[in-house]
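A, B, C and D are the chain letters, set down in written order, and residue numbers restart from 1 in every chain.
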Amino acid sequence: MAETFLFNALRQAIDEEMGRDQTVMVLGEDVGVYGGSYKVTKDLHGKYGELRVLDTPIAENSFTGMAIGAAMTGLRPIVEGMNMGFLLLAFNQISNNAGMLRYTSGGNFKIPLVIRGPGGVGRQLGAEHSQRLEAYFQAVPGLKIVACSTPYNAKGLLKSAIRDDNPVLFFEHVLLYNLKEDLPNEEYLVPLDRAEVVRPGQDVTIITYSRMRHHVMAAVKPLERKGFDPEVIDLIALKPIDYDTLGQSIRKTHRVIIVEECMKTGGIAAEIIASINDRFFDELDAPVLRLSSQDIPTPYNGRLESLTIVQPQQIEEAVEKMMQLQV
Amino acid sequence: MVQERTLPTFQSPPAQISAEEGLMIYEDMILGRYFEDKCAEMYYRGKMFGFVHLYNGQEAVSSGVIKALRDDDYVGSTYRDHVHALSAGVPARSVMAELFGKETGCSKGRGGSMHMFSAEHNLLGGYAFIGEGIPVALGAAFQSRYRRETMGDDAADQVTASFFGDGTTNNGQFFECLNMAALWKLPMLFVVENNKWAIGMAHERATSQPEIYRKASVFGLPGIEVDGMDVLAVRAVAQEAIARARAGEGPTLIECLTYRFRGHSLADPDELRSADEKAKWQSRDPIQRFEAYLIEQNLADDEVLKAIRQKIEGVVEDALSFAQDSPEPDPSELYRYIFAED
Amino acid sequence: MAETFLFNALRQAIDEEMGRDQTVMVLGEDVGVYGGSYKVTKDLHGKYGELRVLDTPIAENSFTGMAIGAAMTGLRPIVEGMNMGFLLLAFNQISNNAGMLRYTSGGNFKIPLVIRGPGGVGRQLGAEHSQRLEAYFQAVPGLKIVACSTPYNAKGLLKSAIRDDNPVLFFEHVLLYNLKEDLPNEEYLVPLDRAEVVRPGQDVTIITYSRMRHHVMAAVKPLERKGFDPEVIDLIALKPIDYDTLGQSIRKTHRVIIVEECMKTGGIAAEIIASINDRFFDELDAPVLRLSSQDIPTPYNGRLESLTIVQPQQIEEAVEKMMQLQV
Amino acid sequence: MVQERTLPTFQSPPAQISAEEGLMIYEDMILGRYFEDKCAEMYYRGKMFGFVHLYNGQEAVSSGVIKALRDDDYVGSTYRDHVHALSAGVPARSVMAELFGKETGCSKGRGGSMHMFSAEHNLLGGYAFIGEGIPVALGAAFQSRYRRETMGDDAADQVTASFFGDGTTNNGQFFECLNMAALWKLPMLFVVENNKWAIGMAHERATSQPEIYRKASVFGLPGIEVDGMDVLAVRAVAQEAIARARAGEGPTLIECLTYRFRGHSLADPDELRSADEKAKWQSRDPIQRFEAYLIEQNLADDEVLKAIRQKIEGVVEDALSFAQDSPEPDPSELYRYIFAED
């Protein structure tokens, strides 16, 4: 076991997979000589050379398309979005070619591609660097979407994503890179399609992902003290969503709160609520509650910014309120 | 009216082609032409649907470039992709069946006219959006270099040819890719099929500097202008570019001056191009010209060429029957091919 | 009254607004000399000149950004997406600059901009030309999103969109351009934020938009014959959604079916179901039913294509089934 | 190591500047420098947050170009926008308050370091994503031409200057806009601040043809290379380009060879640029150089310059107090400014 930062867990994942498979490579802005803006590819350029850790010009649409072409012809590229927001410029390549091309080609090509990088609201990074693109991309067919949240799952998930034969959008969170955790010395993988029950409980199912997992867990402490017993589920897989795990929990608690960092309108929670409505309507003792970011571009001012995203206090209150509801 | 651009005369020594090569190229051009004439017929008879973009008139480009490639080289196309697919070796049956949306189509009926794919023939596919195919082709070219240098695979000397139109050269992806291809010396041909129009937009109205091949100069790669109605000129230029690419000397931009004999798609009223312009270019029909050349050079006689035309008529008829008789995709497979495991 | 095709209703709207306000202009591919791929700008180039009906190179990201800059400095541009799908290439400009810039600038600039064009599944146009981008864009803050469905509302809505001081994404449907309807001779506007009750009824609320309105109405006929009395609502406004009108209906019928052409995952219905859950949970006698397109790129084959989108028959069955549910 | 590119010597006759102009320019440069030194101080003292990109070293570009513009001309910037905003006339108080996220900031505290906007000063704004500001600036330039020609507003002869870095010139939007600006002869300056680096990416590693100004040639607009450490050289080039643009003769691409004296942002460890390189460029400090020039030409003496420096110190201190004392935005206004009506 070795205590490892999340950014380093990701780095290990890439390093191990590059060591294991010569077709694995990284490309993006400043991934090489600079070692990546968040050090996820530090020293890999020296170790693997400049073709395998390729510094690109600032041309997101084309280098993403290039990665798709390389994947179609047998490589396993990992695209780093220095910030995932920049990949809005590559939306067309990601949706039409990464997402849809396999289908449209009638199965001629597969596209083993990982697109990874930081998303989320940081500390006063301004609207454009604080985006949560999972909402914009969730409707694109053919993509898998994953969000990591701890050093352990970051490493295991990224390794699985690299080995997956499909395009995977892999979200990290800009404020989680310095999380630390003891990681096993032996190799491990974490499946891309399985939600994680972070804390089993009986009263209410709290569904969350990425950084909000930690806000939820911060809220759980005082709730425990007050005698509540919430079940916390980290989605991990944002597409497709693991409804088996969610269903088991809902059949037990009959109450659901979703805590997300993306905006409310058209967010991840919207889809989950609709699917719960489709699948588990009769299990619900109360309407599902969604706690989302405000539907606004993230303001720069620190106080407004913190009002924009969900805080632990609100989660705590929401649970208490939901538990008071008479069935 | 804009002054017609003078076509460059083909200066290099006549491409030394054998009769065999000549006939192979001729057959490919005839196949492209007849195949698409049949598409037009089917479309106008209400048997073929969707957007169908024909290539009539531009055959010298597809045959000139692709027939100079090796079988294991890569080809990337656009929505105007039937003929590129045929030149790349995809059987006429598969292309026609795709146009009819059949399970036997090269994209299993899922892609259609604008999305011909064939992994088997290293056809990277048809792309419905302009420009998006260029980066994908760049990726294939990168992959060859990567395999050779990083994985020590000496056989990885494949070249990738990416085709696109004049209108597309105003799109950012074109320039982004010129830069990366030149920067990393990727084995790639950027083949611009300058047919003077992007749907109803005349090239000169869309671009501040109409001579596209010149743009290469500021990206540090060679840019060459060629008469795109002369298959041997195109072939000679392509061969040189391919040799450079294969030798690791990097990409080339080839601007082929050509013309499409039909509207943008079979749905286009084609009202903006003048009768004069059309007639002038029609008189440069690349097939007639190559026919004359073959005969003049004693590489073939009328009989031989006629036999090829008849053969291809048969191929196209066969493709049509095959396509029409082929089964539709199975509705139970609606969800197949979303993920690699399906 | 004059019988008018939908494409011509749009054309009239643009013509009238250009006549009324010199700052209104159109730009896009082939909008000028060619008159627009679907003839929506036919002859306007001759009438207003080439700066006001500007043919652009095929550079969606930049000409959309250009329209934003022109809007910030006082013009009222209308961008035509020859097909709305092409605007995936302009996603960054649409989200970051059209959508967010006013907020990020603290109100310094307003962006009176309309981005319009055909979306939707046509007849065997293939996956890339059959997109329903409303799902991808619905989470972007600061955008208004509208879908027209009849010549009457097309004209009135487009005029309102042009006069609106905000960026409006205006969806037309490739298969509705040749719809005909008698239009008033006098000028009229249709508000951008109001849903339309197409058919009042008591039994069940069917919420829909764009072309699916017509599929719904096709299903209503046999349902009427069978004695059902559904209420049909055309959303018109996809963002923000008119929950007043929806709420009134739901309080009456207590049953909801949503019929949409976008894909199920992360679609418009997902957001509406989540909002109904937020607002009207107790009014529901049954889980909301969503009938959406399949979560796949649109296949070219005609039969598969028709299986991909919702057909009137399915709507009919869904209503019957829902009405059989015991409360 | 890559050979240092030789800086072009400024050949035209010395810009005829008056003492008044000289001091105005000097003051602007000092303001830019001192203002940002203060930002660095505040950031390192933990009083300022987020990504903060400083402009130290590049002042000759902002002052050289923007101070040659008219007040009603437009300026478009990037994330490195504080100094452009100051040159454009946005008060130091508003810029500093924005950096502190205050309601009195030029973007009401909503934008922050990378998003300085001021409609009042025709500052089109700072854009956090590279390249995206260029099309927006193009739109402002288009609007001027539109107003003049379509609306008959003869006063609409405003020019738009769009600033961006070397790294950005590999992005498609740059080329798409060069084309449209030249095609439509828009009154626009494309000002490339080539500081040799895009974060940790050396310009020569990112581009196949490092001389950016040359790229203009294939888009049919003039491209000019200028010593970006020499404010008068920049000014002279800008004035000519502005005159052309204003006269309806179209856009110009100006490549300013310059250098940033600090890391990419205040969070950048800046480990890749050699000490040598930094020292060489530091010795070309545009402010020191201009100081020397002013004195040599008897346009000012030490006293006058010192007075300006002291004045600006005061301005910056005042801006800082103002910013610190200003109120935060009202939380009840979290939803304000989403729509035009708010």
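Here is the rule we go by: contacts are C-beta pairs under 8 Å (C-beta built on N, C-alpha and C of every residue); 3 or more make two chains touch, one makes a residue touch a chain.
Keep in mind that this is a model prediction, so the values were computed, not measured.
Undergrad: So which one's got more C-beta contacts, A-B or A-D?
TA: A-B
Undergrad: Among the chains, which is located farthest from chain D on the basis of C-alpha centroids?
TA: The chain farthest from chain D, judged by C-alpha centres, is B.
Undergrad: Taking each chain's centre as the mean position of its Cα atoms, how many Å separate chain A from chain B?
TA: Here chain A and chain B have centroids separated by 41 Å.
Undergrad: How many angstrom between the C-alpha centroids of chain D and chain B?
TA: Each chain's C-alpha centroid was found; their separation is 45 Å.
Undergrad: Between chain A and chain C, tell me the centre distance in angstrom, where each centre is the average of that chain's C-alpha atoms.
TA: Chain A and chain C have C-alpha centres separated by 30 Å.
Undergrad: Cα centroid separation between chain A and chain D, in whole Å?
TA: It comes to 37 Å between the two C-alpha centres.
Undergrad: Do you know which chain C residues sit against two or more other chains?
TA: 56-57, 59, 61-62, 85, 88-89, 92, 96, 103-104, 126-128, 141-142, 295-297, 299
Undergrad: Could you say which residues in chain B touch two or more other chains, in rising order?
TA: 107, 109-111, 115, 127-129, 170-173, 176, 179-180, 183, 205-207, 338
Undergrad: Enumerate the contact residues on chain B facing chain A in the complex.
TA: It comes out as residues 74, 76, 105-111, 115, 117-119, 124-125, 127-129, 132, 134-143, 145-147, 149-151, 172-173, 176-177, 179-180, 183, 336-342.
Undergrad: Inside the complex, what are the residues of chain A that reach chain D?
TA: Interface residues on the chain A side: 29-30, 33-34, 37, 55-59, 61-62, 85-86, 88-89, 122-129, 294-297, 299-304, 307-308.
Undergrad: Show which residues of chain C lie in contact with chain A when the two form their complex.
TA: 61, 85, 88-89, 91-92, 95-96, 99-100, 103-104, 126-128, 135-142, 239, 262-263, 265-267, 269-271, 273-275, 277-278, 281-282, 286-288, 290, 295-297, 299
Undergrad: Quick one: which bits of chain C touch chain D in the complex? Just the residue numbers, please.
TA: So the residues of chain C in touch with chain D come to 22-23, 25, 49, 51-52, 56-57, 59, 61-75, 77, 92-93, 96-97, 101-112, 141-142, 164-166.
Undergrad: Which stretch or stretches of chain B touch chain D in the complex?
TA: Listed in rising order, the residues are 170-176, 178-180, 182-183, 205-209, 214-215, 217-221.
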